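Since the structure comes first, as structure tokens, the remarks are kept for the end.
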Amino acid sequence: MIFLTRKAEFSSAHYYWVEDWTEEENSRVFGRCANRNGHGHNYTVEVTVAGEVDPISGFVVDLKQLKDILEHEVISVYDHRHLNLEVPEFRTSIPTTENIAIAIWRRLDGKIPNAKLHRVRVYEMPDLFADFYGEQG
Amino acid sequence: MIFLTRKAEFSSAHYYWVEDWTEEENSRVFGRCANRNGHGHNYTVEVTVAGEVDPISGFVVDLKQLKDILEHEVISVYDHRHLNLEVPEFRTSIPTTENIAIAIWRRLDGKIPNAKLHRVRVYEMPDLFADFYGEQG
Amino acid sequence: MIFLTRKAEFSSAHYYWVEDWTEEENSRVFGRCANRNGHGHNYTVEVTVAGEVDPISGFVVDLKQLKDILEHEVISVYDHRHLNLEVPEFRTSIPTTENIAIAIWRRLDGKIPNAKLHRVRVYEMPDLFADFYGEQG
Amino acid sequence: MIFLTRKAEFSSAHYYWVEDWTEEENSRVFGRCANRNGHGHNYTVEVTVAGEVDPISGFVVDLKQLKDILEHEVISVYDHRHLNLEVPEFRTSIPTTENIAIAIWRRLDGKIPNAKLHRVRVYEMPDLFADFYGEQG
Amino acid sequence: MIFLTRKAEFSSAHYYWVEDWTEEENSRVFGRCANRNGHGHNYTVEVTVAGEVDPISGFVVDLKQLKDILEHEVISVYDHRHLNLEVPEFRTSIPTTENIAIAIWRRLDGKIPNAKLHRVRVYEMPDLFADFYGEQG
Amino acid sequence: MIFLTRKAEFSSAHYYWVEDWTEEENSRVFGRCANRNGHGHNYTVEVTVAGEVDPISGFVVDLKQLKDILEHEVISVYDHRHLNLEVPEFRTSIPTTENIAIAIWRRLDGKIPNAKLHRVRVYEMPDLFADFYGEQG
């Protein structure tokens, strides 16, 4: 068993706001993130897959295929987008770092041939990141 | 003469759009940046000042003062904001990396005691940055 | 279950010295770190907490609260200090990277509301770090 | 139990090629990596060991000893070398990131006094890395 | 006048060897770089252009165009190649960091519409880089 | 003319204190840096030399020689030392980032064969650095 990790980046806008809360409540919990004009980040996502190394190719997963799946399922949907306004899963949940990691897991899980998705890590800033290992994690 | 540089960060949303252009023209020149829902970045700004080292304190500039000026003039205005919608100078100019560097120069120039503003560098992403050395630069 | 990590930094002086050892013994085991005038580092600490994501806020932990606890319990005590001379736990143990990670764990464990401390990572240099997962780890 | 990680770097050439495959097959699976003139990378290896902290020295492992073992067993063999042509284990297996991590594990396992090898991580590029935790991993 | 810099990466093999020198002489001057099996690096190139900001678009240069020129003139020629064996300019000069910076300058100079090439910086490793400002530099 | 830069690191303790000032004055100007127990940093120094590229070797300067000079003149004197207590030039000047850059310039200037010292940059932290170009700079 070996673990292979590939990083990718996307630049998106977002804000934190709970419709059922007052402005004061949103501001108290979310601080400056509650500004509904939005702000944004250069996000980094690390996708880790686990599997056996193929004894001929030396690969646990076809790197080009992994890159294409990540591009198609995540980057093309999130990059240069407003997460709250344009990405379906964030119409009903707030795009916190935690929820973005879970959402990317759900977008990728089961789609990678010959390997198991092991971890999704999302950096919102270099000093803040979330790790998700799946529903059983 | 010595040069001292301090970095700071701000996270903002923006988009690129020229009102006088058609949607096709905006899209051709600005690509995915023309999405008017906005996207965002973790910007890094490097402010370089030049001056003589004080023979007693060993400082070219009071670091705390420099940090406060940068915080007051730039970070508090740009951070967690939508640049196009909330920052006055980007109502009439597009918040490209180049224009952000020029705008920060204008916000800081003449405000730093005992030292001359030498350069403003702005990173939009780790692989893209602009440098401005002032109007005579 | 999701894991959230926040980084912070502190700049401290330290040295390595065992009182019961001779100068030769200290020098043989600790090399240049045995210089009792002290030297120093820009330390980076990563604090990882584990918990369930709140279905409303999307947070596993209140980020501002986490930052305040880390500031109050660790950074305000370690930053711009001489670890051997000014931090109580290093009067009786040597401030190695390993011992600093354990000490930070003990300072934080049980203090974070609604989440479990999962890991403390301390970087002394970019090429050297220690991870502690608690006494049962 | 605590985990200590030390990083080191080596710069090597390599290519990906399976002798039993046609040029087309090699090119399809390995893309530009199949160029037999070779290309190269600045590899980073992170070696993590696990053990108890010595109550006197505060060390889980003698850092100088760990550095020497890593230098002797890995860096002196891989650095400024062509992995396919000059490193024995890559005469019979392809030097993918996965296989390099496994090979470094085998070179280090059992050689570190008083501590257990826990993980070998190899970065080929900042955005691609493999983790190996041993045969039972 | 403003300066815009874009980074790109390429992974290549190379070695240092002067045909007119003996093996001893090559080894004395070039050390481990004289190994003719080759070794390699993840190179980073920073291309800086200078010009006036377009008052409408806010650009000093069309970023997509700059990226395409860099890709076509440099990356597609150098990446995943053996510099000594496959890149014409290094048949008659040694691919040192200095010479690579000069060669990239010559490949790009005069090809960037509406802006002047100002500087080419090449990193061979994070701790070693060369800057070239042109023949008059 | 080409510019070559090499980075190196040293870990040192220091404090800021002017003997002729009161404790209040030191504290007001230097803040937490005035703690005379000392604190410390992982400093990074970048040394840039300028010269012509040798048409045979492709080098502007012998890299091994440059590394040795930097090691002998700076790193061996500053690393794992208390700058105020153990480095002669900081008995009469405060080891601010500015003064360290000037001191390293004076230690290196005139000692590098065939090339001119162009710039010394010193990082105290990743977000603070000083550049010195010599007395005429």
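Which chain is which? They are A, B, C, D, E and F, in the order written, and residues in each are numbered from 1.
Rule of thumb we're sticking to: a contact is a pair of C-beta atoms (placed from the backbone, for glycine too) under 8 Å apart; a residue touches a chain by one contact, two chains touch by 3 or more.
All values derive from a computational prediction rather than experimental measurement.
Shared contacts of chain C and chain F, meaning chains that touch the two of them, come down to nothing at all.
Chains making contact with chain C as well as with chain D: A.
Distance between Cα centroids is largest for the pairing of chain D with B. Look at where the CA atoms of chain A average out and do the same for chain D: the two points lie 28 Å apart.
Mean C-alpha position of chain C lies 41 Å from that of chain E. Residues of chain C in contact with at least two other chains: 126.
Taken together, the chains touch in the following pairs: A-B, A-C, A-D, B-E, B-F, C-D, C-F, D-E, E-F. Across the complex, chain B meets chain F through its residues 1-8, 48, 53, 55-60, 62-64. Against chain B, in their complex, chain F makes its touches with residues 16, 18, 20, 29-31, 93-99, 101-102, 126-133, 137. On chain F, the positions that touch chain C within their shared complex are 9, 11-14, 32-33, 35, 37-42, 79-82, 85-86, 125-126.
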